[in-house]
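A, B, C and D label the chains in the order they appear, each numbered from 1.
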Amino acid sequence: MVDYRVKDVSLAESGKKKIDWAEAHMPVLVSLMRKYEKTRPLAGIKVTGCLHVTKETGVLVRAIKAAGADRISWCGCNPLSTQDDVAASLAANEGIMVYASRGVTAKEYYDDIHSAMKLGPHVTIDDGADLTVEMHKAMSEQQAKKREREIEKERGYNNSGNANPVYGGTEETTTGVIRLKALNKAGKLLYPIIAVNDAETKHDFDNVYGTGQSALDGIIRATNVLLAGKNVVVAGYGHVGKGVARRASGMGANVIVTEVDSIAALKAKMDGYSVMQMVKAAEIGDVFITATGCKDVIVGKDIEKMKDGAILANAGHFNVEISIDALERQGSKKRINDSVEQYKLKSGNRVYLVGEGRLVNLAAAEGHPSEVMDMSFANQLLSVIRLAKSGGTMKPGVYNIDAAQDREIASGKLESMGVSIDSLSPAQQAYLEGFSEGT
Amino acid sequence: MVDYRVKDVSLAESGKKKIDWAEAHMPVLVSLMRKYEKTRPLAGIKVTGCLHVTKETGVLVRAIKAAGADRISWCGCNPLSTQDDVAASLAANEGIMVYASRGVTAKEYYDDIHSAMKLGPHVTIDDGADLTVEMHKAMSEQQAKKREREIEKERGYNNSGNANPVYGGTEETTTGVIRLKALNKAGKLLYPIIAVNDAETKHDFDNVYGTGQSALDGIIRATNVLLAGKNVVVAGYGHVGKGVARRASGMGANVIVTEVDSIAALKAKMDGYSVMQMVKAAEIGDVFITATGCKDVIVGKDIEKMKDGAILANAGHFNVEISIDALERQGSKKRINDSVEQYKLKSGNRVYLVGEGRLVNLAAAEGHPSEVMDMSFANQLLSVIRLAKSGGTMKPGVYNIDAAQDREIASGKLESMGVSIDSLSPAQQAYLEGFSEGT
Amino acid sequence: MVDYRVKDVSLAESGKKKIDWAEAHMPVLVSLMRKYEKTRPLAGIKVTGCLHVTKETGVLVRAIKAAGADRISWCGCNPLSTQDDVAASLAANEGIMVYASRGVTAKEYYDDIHSAMKLGPHVTIDDGADLTVEMHKAMSEQQAKKREREIEKERGYNNSGNANPVYGGTEETTTGVIRLKALNKAGKLLYPIIAVNDAETKHDFDNVYGTGQSALDGIIRATNVLLAGKNVVVAGYGHVGKGVARRASGMGANVIVTEVDSIAALKAKMDGYSVMQMVKAAEIGDVFITATGCKDVIVGKDIEKMKDGAILANAGHFNVEISIDALERQGSKKRINDSVEQYKLKSGNRVYLVGEGRLVNLAAAEGHPSEVMDMSFANQLLSVIRLAKSGGTMKPGVYNIDAAQDREIASGKLESMGVSIDSLSPAQQAYLEGFSEGT
Amino acid sequence: MVDYRVKDVSLAESGKKKIDWAEAHMPVLVSLMRKYEKTRPLAGIKVTGCLHVTKETGVLVRAIKAAGADRISWCGCNPLSTQDDVAASLAANEGIMVYASRGVTAKEYYDDIHSAMKLGPHVTIDDGADLTVEMHKAMSEQQAKKREREIEKERGYNNSGNANPVYGGTEETTTGVIRLKALNKAGKLLYPIIAVNDAETKHDFDNVYGTGQSALDGIIRATNVLLAGKNVVVAGYGHVGKGVARRASGMGANVIVTEVDSIAALKAKMDGYSVMQMVKAAEIGDVFITATGCKDVIVGKDIEKMKDGAILANAGHFNVEISIDALERQGSKKRINDSVEQYKLKSGNRVYLVGEGRLVNLAAAEGHPSEVMDMSFANQLLSVIRLAKSGGTMKPGVYNIDAAQDREIASGKLESMGVSIDSLSPAQQAYLEGFSEGT
């Protein structure tokens, strides 16, 4: 059996059931799996993934394997998001080098990434860019210290000497794409990245519909709070924020949006929400959900104004949006249940933090529903195949996925839902491409 | 320690934490508790409750105890709805004679009711009328067989001889009120019932907002299905059906309503939903939620038309709305997870039943959020006190709660939410009571 | 030709076209018309109506005529709601004694009522109870002054001597029903009133869906204001207020509700709206819509706090909800267009009153869409026939319409919309009427 | 007085009142007007506009004049959209060479464009690209026939010889931008175009919120139909289609979307709407609204399937979306009112066309509310100034507006609405620009 580190491999059967259930809800990815298990375009390719170890990821891994990948290693991309039974099944049933368990420390988290990196992948799959940044650190070191091979060996990373080159990587999140574009802008990106996140069939769907539902799901599972009649403060009105705001409103909440961008703020206002500064919203909010991709969105001066019973949760990638430091400084902490901690403020009020400020849909629920991950992961699979086919010929840079790929995935999804749509006639096509027909 | 039957009394600490959490979200009931623990209007009174053993019920029990009740016995009102840790806490920490565990058989279920009845209550609290009907059976037997005391003793029910009379009972649900009105109409009701369900602050809130959220919560916890883009079929457009339809729509579902009442159907249509017969809806639905209070709402001829992957759940009181028999006749059954069973139909399609067709918000989630139970249970407490004060002077019949009580509870709730409203001036009051001012 | 008073009888053709258009959208009323033109149950009956002279009312008048009514007189029930071309058509094409024009003074308004009353009706149809109250004044006078026939003749009312008795009347509005119940409670009601308003197919539909759409329609026609992003304050959360709030929210407004009833206020809050006192809402509202049925809902202390540009409109029956006096006291008035007046406040801010504070859907738009009036007026026609058949045997009192009539009208409406619904099987019927089947 | 062609110049006073009203609702444009009337950046510049002659356009014209423009000519961009009183006011009160009236023939329409072109503008403002295309025809002719000056003079266009060059133009609509990009792609664009439409503060607002409200407004004014419970078919799910679908749903309609793009179709489905082919939707739709920018969206095979009473309207730029030919071929036509024609189909069913298939918000209502045009026209004014400042140095091509301009306009709008938002701290800014901070 391959090398792995999971919490309890005996959970494999439960994990398999979950992956099977997800597979039954991911028709687009499954149809690609059926197609590529014949042609095996990933034959000879090593793939390392750093992506929430959930049942849907299990299906992606199965698909990569079916497409012929030589070997696959995997690690989590968030300390609280691993489903231990799924990890067990990946190790025991799928033969994946998986290094992940729920509730790791920061050190363990990075150790797992480094363990997965040891595979020396041709292609990386990332979610938040932690793996890619670690890969870059290792590669930079290599370049800097070509002669100091000892250190490198210690670290166990072998993308050197006779190791294969990295053909490229993919990135699943807005946060990761922003980080990698910054890396590229700084001239430090060492291999091409396909921004899967920027596919319309990804960010316009899982960020909006997936997080919209699952972030609230996480909060409800953690607190069983009634959303109807509550003042729900959503920080950030990007794709995730819009999705969360719409669903919170759909559950009967009175939604307040905070923003730093005037255009996004105006859209929120026109969509019927209240818009105000966080420091004002802090006084009236019952539930706070951050979705900005930025840090320090809720800080001490906000927290100290909060009402007794306020609930704080984060739907953004990293646990930097709500200042945990500020909460800790306010006063005593007490665990209410697996997903909720109570902080007693200096004002005497109690506020509740869900999932330690980590992304609430994974920390307190099951992450995005399979139906949306279906499209994201179809994009992932096709992007991995594209990188594999490139054979290392793509230059460093952040690449978009093809519009045609996007449309094909959407078409496959519609078909699986039993929906037929119209198509343009040649005359209509010509009309749209012309300019002569006017009033 | 009192007599009890729970699954595992060592879960008491977890149950206590949950009840504490609920208590923090039930300000109206808590303010009544604070008030009546001084005057103890239930001193000397024995109370038997048959009501879902959840954390909110735990708070109600605490309130009844605080109001001075002599002794309290309790049983579940649904085989799948008991939270075992809460039951443990009621036994261990609150000294309640509690007879309930999750997943009982029908026989165990009725045994528990009979165990609770042994207390010989002055006041009963019921949810679905099972306790009240059993009480009536026992009382009828007594009357019929005054001389055959042996049988009675066997049964263990002692509301006879020198036992206290039953002052009355309360009923929490639409289903129960319908049953008890039928009993009354048949001339067989033996003691007064206060229809707590019919309080506006009850059925207009927990049926609508509570079940609306929690029924979907149960389905999502059980299946993690994405509601956006799904065809969700809601059977019944009463208070519960409206709530479920609104929330499903708020989550992005395309809602289809089925009804037998033309006025309700027309409202559903005007509210923007599709309305059709179940047999038609069966062909296109992705998720089915029954909320009618009637039996055989989804039967064989519907089930055999369903799409592969269809999900069935019930939000009504009894597990009679979806015909389990019809499912069983279709074919093989397989458990997917704790809350979901798969049925393979003769068509080859697979349909999934959530929570064995029992009310999904309790079978697969935590029931109504505390915030709405706050009002229902404030009505319960006040109704129990009213019956206690009556000392047995109220005649058999189904009674409404006072409009003033309703308004007071609503005012208390608004206050707890920090909401101030207007009041009528004397001139406005006079205007509304007059007829002379016209155009 | 019959006696009448309209603005310009040459507009009859335009009015006829409008009535024809309405008739094409009132399938339930038309099917009753087709039925009763054969049996003519109103043969020999005189009917006086006091109801907004709109195209839909035109269809009701045609239906009453088709059902055999001997003679019909009609007047408006609001100084600003008459559509002059419809009035012209009623006079010229339908032979109705119609006394109505848009923009009458209070004196002209009552003169028109008295003119219509001269017919000496067997049955009255009312909307707001102005006609009924005037009838009662005249009847009281008659009783008081049986011998002073001169005065009576002067007034021209002839329901005396050999005149027919009044068999009864109908009432279309919540406001009117409240007034007439007050009259009845005071022991002064002289003939039976059927509360058409209280039919579910009336108040649950035209108050909610009809006014919801048409009140906003009136405001938009008058001001062309964008509702998205506006703070819309809805005073009152009864049927009308709910409808207006839901539609305003559906147009992207941020809705604030004011109420005097705690239960209604709590519902508004749970429905996701902000709830506050009017004096607070006054500071932030962009558009104010009153829908309470009460007077002095927006008064001086509110108005003086309003923002520059605030728009005021009333959706309640009478123009007493917004204090016109308070506006006049604030300062100078200027007409902006046919439907809008600007008031310059002492603060320098300008506020805009739509339709002189009269019900905005009729003053600035066309009233309820035909589709909802279809059901209201089907109820009216059936109620008039019921009163005619009674032959004067019904005692004074406020009567409800039959539940069966309600359901039949709803069924007819569904059928006209192509909607089929389920029906209860005998076994289901028995289940609902029984009490023995429990868990 | 300047040369002009309007329907009735005596309507000027009414038009002025309307423009004043609009001005009171366009705070961003007004603040720019206040700013530029001091610096007069358009001094010496001639501007020709081809844009719906509405009250909001009146404010834009005032602003261009205030910014110092030498002379201004104007024509309508749609045969049915001119408000004749506004045109009169532009001629009489503002001294604009305006050539526009409501209800012109196609020939008159183009004559008006040619009249306006005679000014020989430095800058053109366009809405749908009809003016720009005519300008290009004339300019091409000039180039081709430099020596045949006679013909040119006949046409009256003088952008030649000593005439000024065209510095550039702006374009307001999606349709126009598509046409002009096609022109550019064909290598035939002769001067730079600023795609005002593509500003986020334009197309994300007036296309969505403006058309969403005003298209429904047009249909309601024309038909007074109740939207609640209707099946509303929206063709196209771009910005306009989304806005219309959302508002129709907000009014209680059951929305069906048709699309040719799979991604857009999937979004519509995930947003909870039904999605199907037009030929299927045709059978069940009550109201049809086209919003595609393409031609032949509703054609004969669709129309012949429609239900009796179906209503057809277009919200796209040109009247080509609903095939008028196909309607005419079906059978007899009859005018119902100013905005509605009835077509009797061969099936015997009647369908109703609103506003002759021209954009319904302008043909049957007043176009976008002032509040959204405020931002579009602020972009227009700033773009005209940019072109004026360029002095002809910008090369032909389709230009975007500046992101900074977009954000500034949004900020101004928020300020006018009394909304304050957060801003990024330097540390947050650095975080967003960095890549090193991970998990």
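Everything below uses one rule, namely that a residue touches a chain if its C-beta (ideal position, glycine included) is under 8 Å from a C-beta of that chain, and two chains touch if they have at least 3 such contacts.
This structure is a prediction, so every number in the text was calculated from the model and none was measured.
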Query - Winner on C-beta contact pairs when B-C is weighed against A-C - result: B-C
Query raised in the report: Which chain has its C-alpha centre farthest away from the C-alpha centre of chain C?
Result: A
Query raised in the report: chain B to chain C: how many Å between their CA centres?
Result: 40
Query raised in the report: Measuring from the mean C-alpha position of chain A to the mean C-alpha position of chain C, what distance in angstrom results?
Result: 56
Query raised in the report: Which residues of chain D are in contact with two or more other chains?
Result: 209, 228-229, 249, 252, 266, 269-270, 417
Query raised in the report: Which residues, counting only chain B, touch chain C once they are in their complex?
Result: 77-79, 106, 109, 128-130, 133, 178-180, 182-183, 186, 200-201, 204-205, 208-209, 258-263, 265-267, 269-270, 275-278, 280, 293-296, 318-320, 406-408, 410-411, 413-414, 417, 419-425, 427-428, 431-439
**Report entry** List of chain A residues in touch with chain C within their complex
**Finding:** 228-229, 249, 252-255, 266, 269-274
**Report entry** Residue ranges of chain B in contact with chain A within the complex
**Finding:** 17-18, 21, 24-25, 209-210, 212-213, 217, 220-221, 224-229, 246-247, 249-252, 307, 309, 336-337, 365-366, 368-372, 417-418
